[in-house]
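Submitted below is the structure of interest, expressed as C-alpha cells.
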C-alpha cells in the first residue's frame, strides 16, 4: 500500500497551476502540503482523489482506497449526527460507527441534528466520517479549520492511530497540526509562466 | 445502494423535505384552473385529463432541483463519487427516490383531483394507468436535467427549460391515453407507447445522467 | 492529409480565413439571384395566388433549421469521441444560426398560414415539431451560456444535444400520432413527378443553395470568433497567473 | 417593376421583410462579434509581445 | 438602494442568472397546454386567457426562490441587515428587480403567446393590461413568500404552496379581465380590482416581508 | 465611541448558552474571545451585531456602528472582486474601494469572478469588505480561516490600522492572530444547566 505521484500536473479552470510534482508516501506515512493561498493545494488534492482529471503525469494508488475530506463534508443538517455517520458507514460497507463517535467525542451530540451544531462540532463530525470509510489513504484539505485545541488533539490522535495501522495521510494546511510528519512546500512546482508554452499548444492555449 | 435510497426517503420526510408538497402543489394547480378558465363544468370536464397530466408534470418539475442540488452543495456528491458505488447506480436510485416521493403520491391521488374537475367516470382507470406508466419517465428525465444543471446556483429555471421539451413525448402519449379513456375510446396504443418511453428512458438515460454528473463534479 | 487536421485551431483559422470570403460572396449571389427571380419573375399560383412567393424563404429556412441541428449533432459526437476543440466550438457557433432559421421558418409559415388556412397558428404536427425544435435550440444555447468552464460546457451541451436529438425524434412521432395536420407534404423529392412546377422549382433551388452557403459562411465566421474568444480568455488567464 | 401581389401583398411583403431583417440581424451580429473578438485578441497579443 | 437594484439586475443578466428564462418557461407552458388538452383550436381559444394567466403566474412562481435564497445562503442578507438600509426598502427593491426581470418581459411577450393559443383578437389589449396591472402584485406577494421560507434549504416547493393561495385573488381578477376582453365584454371592473390589489400589496406587504425576514435572520 | 456589554445572556435554538457576560472595549481597543467549540462565541457575536435578540442584559453601542463578518461573507460568485466590493461600498455609502483592495493585495485579482478564487483568496475578499463598510466596530468570527502566513499578516496590519484610527475590534478565534490584545475566555460564562432555571421561566425552559 502506497500513494505515489509522478510528474503530476494539475489544472484549474483550464489553466495549469502546479507542474511536475512527484512524491511517494509509504504505508504509515504522512505528508503535509504547504504553500501560499491560491498556489493549487486544493486542486492537487482533488486531482489525487480522482475528482478531476490530471493534466499530465500519473497517480499510483490502489483503486477505491482514497477518502477525501474538504470544507463541505457531505453532512445533512436535518439528520442527526448518528444518522449522518451511519449513512456513510453503510455506503462504504463498514457498519460500526462507535469508534468514530468515540474518537471525536461525539457521543453526547449523537442524537442532535447536525444543523444544530457549532462550526467546530460540525467539523468534528466531518472528520469522524473519515473513520467510517475504512479507506487506507486519507486526503484532507485544511482539516482543522475552526477546531479548538482539544479537538485538534483528537484529530492528531486519530491520524496517529490511522498511520499506526498502516494508513496513509496527505494533508494540506496553513497551521500547525502538532503532527511530526514530512512537509512538502508546493511553491516550487508552481506552473511556469505559461506564455512560454504558447506556440506548442497551437491556437488556444 | 439501499442506504442511499433510505436516506433520500428519510430526508424527504424530515422538516422542509418536500414529501407531500408535490401533492399539495398538484392540488393547488388543479384548484386554480377553474379560476383561470372559468367554472363551466362541461368545459372543465373536456380539459380535465390534460390539466391533470399537466399538473402532475409541473409538480414533478418543481421538485427536480431537490434531486441533486442539495447533495451538490454540501459536498455529498463529491464524496459519493469517491465511494464504491457506480455513478449510474447513484442517479438511478435518486430518480427512484424522487418517483417514490413525488410520482407515486400523484398517481394515487389523481382520481381525487379528477373529481374536482368533473372527469368523466370512464376516464379514471386510464388516467391512473397512464400516470403510473408515465411518471417514472418524468423522474428519470428530470434527473438527467438535474444532473446537467447541478453546478449552476439556483438553476431551477434553466432546469425547467431543458427538461420540458424532453417531457413532450411522455406528456403527449400520457394525456392522449387519459383523454381517449375519458371519451370512452380505447387507449391501448398510447399506453403502449408510454410504456416504451418509460422503459427506454429507465434503461438508457442513467448512463447519460452519470456521464453528465461526472463532468460537473470535476 | 486527414480531415482531422482541421480540428487544430491554427490550421482551421488559416483555411477558414481563405474559404470564408469565397463562400460569403457565393451565398450572397445565390440569395440575390434566387430571391429576385422568385419575387419578381415567377407567376402566381392558381390556388395560392402571390403567397406562393413565400416558399422561397420558408422552405430553405425550414430545411436549414433541421440540418443545422443535425450538423450540431455530428460535431457534438466528434467532440465526445475525439475531443477536437474546434468541433465543439463549431456546434456552439451553429446554434444561434439554427435559431434564426427556425424563427424564419416559423414566422414565414405563420404569415403564410393566415391567408391559406385562415389562422396564424395551428397545432399541426409539422409546425408543432418546429416549435419543439426551437425550444431545444433555446435550451442548448442557455446551457452553453450558463456554464463557466469551457470543456465542461462542451461536454454537457454535447450530451444534451445527443439526448435532445433522440427526444426530438420521439416528439416528432408523438406529435404525428396526436394530431393529423394541415401542412403540405414533402413536395421536393428526387422523384421528379411529384415536384412543384419548374417555374417555382428553379429559383427555389437557388434560394436553398444560398441559404446553405450563407450558413456555411456564418458558421465559419462564428467559429473563428469563438476560437479567438477562447484564445483571448486563455491568454488573459495566463497573464494573471504570471 | 414591382409585381402585382394582389390581395396577399401584405402577407408576402411582411414575410420577406421579417425574414430579411432576421438574416441581416444574424449576419450583423456575427460580424460585430467577430470584430470585437479580433480586437480583444489583438489587444492581448500586443501586450504580450511588448 | 440604487446599488442593490443594479446589482440584482446585474446578477440576473450574468451566466445562470435567469433573465429571459421566465419567458422561456412561459413559452413552454403555453406550448405544453395543447399537448395536454388536445389541438382543437376552438377549445384552445376558449381557455386561452386563463391559461396565459396561469402560465405567467407559474413563470413568476418558479423564479421566486431566486429573490432571497441566494442572498441568504452566502450571508448577504445578514450583512444587509446590518447595513444602513431599512429592511422594508431591501425587500421592496428585491421585489421590483424581480418584476423587471420576470414580470415585465412576460407582459411584453404575452400577445405573441396569445397567437399560439388562438386568443380572439379582441382579447389582446385586456390581456396585456391585466398582466401589466397584475404582475407587480405577483412579485410583491412572492417576495413575502420567499421571505417566509428563506431559511429552508431548497424550500421551493413549500414556497409555491404558501404563495399560490395568496395568488388566488390576483389570478381571479386578472383572468376574468382577460376573459371578458376576449369575449368582447367590458373588463373595467376586474381591472379596477386588480389595480386595487396591486397598489394595496405594494403599499403594505413589504412591512410584513421585512418583519418575517428579520425573524428568519436571527 | 465604545462597545459595552452588560450582564448579557445569549441563546441559541431557544436554549441559553452564555450568561452574565460583561465587558467594555474602548476606542482603539481590541478584544479576542476564546473558548472551546460549541461554547457560544458565534451566538454571542451575532447577538452583539443585532442579528438576534439577547435573552437578557444590554448591549451599548452607537446605532449603525457595527460591521459583522463571518464565514459566509456575502460574496457573489458571478461578480468580479471589484464589483463585489463596489456594491458593499455603495450600500454603506463609502465610495472608494482602492484602499480595501490594496490592504489585502487584491488588485491582481480585481477583475476575476469571485467564484474563481481559492479558499484563502475568497477569505481575503471577505475581509476587505470590512474596510469598505466604514464602520468603527468590527465583529469578526474566526476571520483567519484558510489564510496563509502572509495573509494573516495583512489581516493583522488592517486591524492595527483600524485600531489606530480609533476603531474597535471584537474577534472570536481559536488560533493565534499575532495581535497583542486583551483576551477573554468565555468558558466561565457557560449557561448553567438550564433545568435549574426552570421555575423562573415558568413552564417551558
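Labels for the chains are A, B, C, D, E and F, by order of writing; each one numbers its residues from 1.
Here is the rule we go by: a contact is a pair of C-beta atoms (placed from the backbone, for glycine too) under 8 Å apart; a residue touches a chain by one contact, two chains touch by 3 or more.
Predicted model only: the values in this text are computed from it and were never measured.
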Joint neighbours (chain C and chain F) are A, E
Which chains are shared contacts of chain B and chain C?
A, E
Centre-to-centre on C-alpha atoms, which chain is most distant from chain E?
A
Interface check for copies chain A and chain F. Shared numbers divided by all numbers used: above half gives same, below half gives different; which is it?
same
Find the chain most remote from chain B, comparing centres computed as mean CA coordinates.
F
Express in whole angstrom the distance between the two chain centres, defined as the mean CA positions of chain A and chain B.
37
Per the C-alpha means, the centres of chain C and chain D lie apart by a whole-Å value of 15
Multi-chain contacts in chain F, i.e. residues touching at least two other chains, fall at 71, 77, 116
Pull out every residue in chain B that's touching 2 or more other chains.
16, 152-153, 155, 158, 161, 164-165, 168, 172, 218
Which positions in chain C are in touch with at least two other chains?
132, 135, 138-139, 142, 146-148, 178, 231, 235, 239
Which positions of chain C touch chain B when the two form their complex?
132, 135-136, 138-139, 142-143, 146-147, 152, 155-156, 159-160, 162-164, 167-168, 170-171, 173-175, 177-178
Please name which positions on chain F make contact with chain E in the complex.
46, 49-53, 64, 66-68, 70-79, 83, 87-88, 90-93, 129
Can you name the residues of chain C that touch chain A in the complex?
8-10, 12-13, 85, 148-151, 227, 230-231, 234-235, 237-239, 241-242
In their shared complex, at which residues does chain E touch chain C?
15-16, 21, 24, 27-28, 31, 34-35, 38-39, 41, 44, 115-116, 118
Touching residues of chain A toward chain F in the complex: what are they?
13, 35-40, 42, 71, 116-121, 123-124, 142, 145-151, 174-175
